[in-house]
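Next come two complexes, and both contain subunit A; in the first it sits with subunit B, in the second with subunit C.
What follows is the complex of A and B.
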């Protein structure tokens, strides 16, 4: 048996790192569409993005199943997630509590993910979605809880299909999934409660 | 303030915090829905704010400034003991001034001073289910929430009117959040209900014994239930505060002797101190 030491480290400071990341994600879901600055984990294995890795390490553990979408379903990322979180990795996106994906490649269908039940709408999936940036592409107008009036948001990575699905996701409220967009230096929340107009 | 080295930051272990944090995120995404969570036993009895303490412990970071109030006051037993708990286990800075706090844990009041977008208000909740005294079975209340079957609550308020001539509920007055879930705002006086509506700060609710967490995101509609011919009203007083003279705050009645003497003073001690120029508390 050979020991390999190619496993990348997690948070520099596990307690502080997890807390700071959670607060950024909490702020993001509380104020949908506003980029909240977040220092990621730079050493995470590619193509995992630093903020995506931070969000995963702060929220996942042995109690949460996770699905890794194709570009991330590689040995280095699987080992990274398995070692740092202990989360069971599942092969069906529809069974996962957390789905980790990249917006520009092989994104799973939002409407196929776990949406909860009428009695337990919290038994639903959270999509952690890596994107390359905000502020480009066609803007959508967001409204709902966390937004004082309306708010414009755009990201060139998010396709028309994504927004169509996200709108359908909102119409089944209180069921649905919550999306956390993980950009290069910030995170943006799109909870199921947010209404989306093109 | 340095913290005791024998504790993890803010007392709870990291796995517990992660579990609570996930529940908080669901609560924010589904405003007013009570998310079940695996509430831990805390080093204080149920009823002393174990739910609020667990939420605060999961949210708190090194650079937070914590304020704790009990019925508006910073210097009553519950507030003092919880403040000391976090001084000891998290070493965070604490304050009694509403404007200086980034996290405020409260038992049964909302501060008079308007809260800002960079603040979080954590409520201690005894009974999170607004329908519980009307329907004791959890399976039934859960179905009622799922089906938005809230007629029973209106019947209860109507019975108040038929018996007393007005809605006699004065605290824990039920609200509807984001036009969907009916929610118990915890036993705050109904005087505070309007402050919840479109508040700039995030509001988190923790019920330790009942194992539920729920939330109101910023700027969310919070409607106190009422009828067209019996609109929602808050308490009013003929007196002003005997210490600071405020006419807009929630007043406590204080008995001063055994001969019927009494005075009315602000329940929010920080608000009252600021107005009267006192540096106490």
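What follows is the complex of A and C.
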């Protein structure tokens, strides 16, 4: 009756790891467009990326529903998220508090995600998006809270479509979603308050 | 996992969780070398809300919180063992989780069953029996005689 499993460990130091990650994500959202170093979880099941896994494990709990965008919606990743966070996994992106996508192309339509309500703008979704790196591709100009003047940001992974959606997202402020871009060794925050000019 | 396997597993996980910590340590220690295992989670302590159907209508009732230690281990072949034990007892939780993992493996099942679970089951039965004998000594049976006016 042996059960074969492919569950892997989470943070080496659960409390320390979660706190460090939370601090990095907080820092990233406070200074949009600035990459903040973050140590990921290398043992996370493929195709989950290390920093994406770290962000997921520190932000999710049993009260936050999560949507895994294909190709992440596989049994090993579901089990991993369910075991380490206890978060309920939903099949509709529009119902989720957190949406995890490996790359730009897997992402569900940003405007379909929970944007909050006028009374409760905080009841909105957060998108954790995997990315292969920063500093390549055409730069966009960011401005808004956390940015003194303007700041240039670029990532070759992000398509024009992404930026179009991100701009639409900003126009709904204070409603809208917050985006956390998870690179190989760092995270970048793009909160709904950031204005984007191409 | 079939229903029977599930029930068997619930049975042994319960025995391991309720076992006397020292007895469990001795029995597991007497097995000799056990396979290597990684800690997937814990052992970590926390609080759980104990709920019971204590209301008159059978509704769930929050009885109170209790301290629980949980642990999940993975043995070399990838088998997972879980344990939840009462109180702050990290070593107990880890041993119980390891025993749970090994009990799921055919190579170890019989050995652990005979040398750990069976003795613990007997100890638990003896403990219950002693408890009952002690309370039996002061038991008062209430009964009502048929009252005349009902006839």
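Note that in this section the second predicted complex is superposed on the first by the 194 of 198 C-alpha atoms of A that agree within 3 Å, B and C clash if a C-alpha of one lies under 4 Å from a C-alpha of the other, contacts with A are read in each partner's own complex, and residues count from 1 in each chain.
We adopt the following convention: a residue touches a chain if its C-beta (ideal position, glycine included) is under 8 Å from a C-beta of that chain, and two chains touch if they have at least 3 such contacts.
Remember, it's a predicted structure, so these values are computed and weren't measured experimentally.
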Key: Partners on subunit A (subunit B, subunit C) - clash or fit   = fit
Task = Would you check which partner chain A:135 touches, where first means subunit B only, second means subunit C only, and both and neither mean what they say?
result = neither
Ask   = Just subunit B (first), just subunit C (second), both, or neither: which does A:121 touch?
value = first
Request  = Determine how wide the angle is at the CA centre of subunit A between the CA centres of subunit C and subunit B, giving a multiple of 10 degrees.
outcome  = 90
Message = Just to be sure I read the superposition right, which of the two partners does A:37 touch: subunit B = first, subunit C = second, or both, or neither?
response = neither
Ask   = Where does A:70 make contact in the superposed view: on subunit B (first), on subunit C (second), on both, or on neither?
value = neither
Subunit B versus subunit C as contact partner of A:26, first or second or both or neither = first
Task = Go through the superposed model and pick first if A:7 touches only subunit B, second if only subunit C, both, or neither.
result = second
Inquiry  = With both complexes superposed on chain A, which partner does A:83 reach: first (subunit B), second (subunit C), both or neither?
reply    = second
Message = Quick check on the superposed model: minimum Cα to Cα separation from subunit B to subunit C, whole Å please.
response = 8
Inquiry  = Identify the residues of subunit A that lie in both the subunit B contact region and the subunit C contact region.
reply    = 14
Inquiry  = Please output the residues of subunit A touching subunit C within their complex, sorted ascending.
reply    = 1-10, 14, 83-84
Inquiry  = Going by the contact rule set out above, which residues of subunit A touch subunit B in the complex?
reply    = 14-16, 18-20, 22-23, 25-26, 29-31, 58-61, 63-64, 117-122, 124, 126, 144-148, 173-174, 178, 191-193
Message = Under the definition above, what is the set of subunit C residues touching subunit A in their complex?
response = 1, 5, 38-41, 44, 72, 74, 77-80, 104-106, 109
Request  = Enumerate the contact residues on subunit B facing subunit A in the complex.
outcome  = 8-9, 14-15, 17-19, 21-31, 33, 35-36, 58-62, 117, 142-143, 145-147, 178, 180-181, 198, 202, 216-220
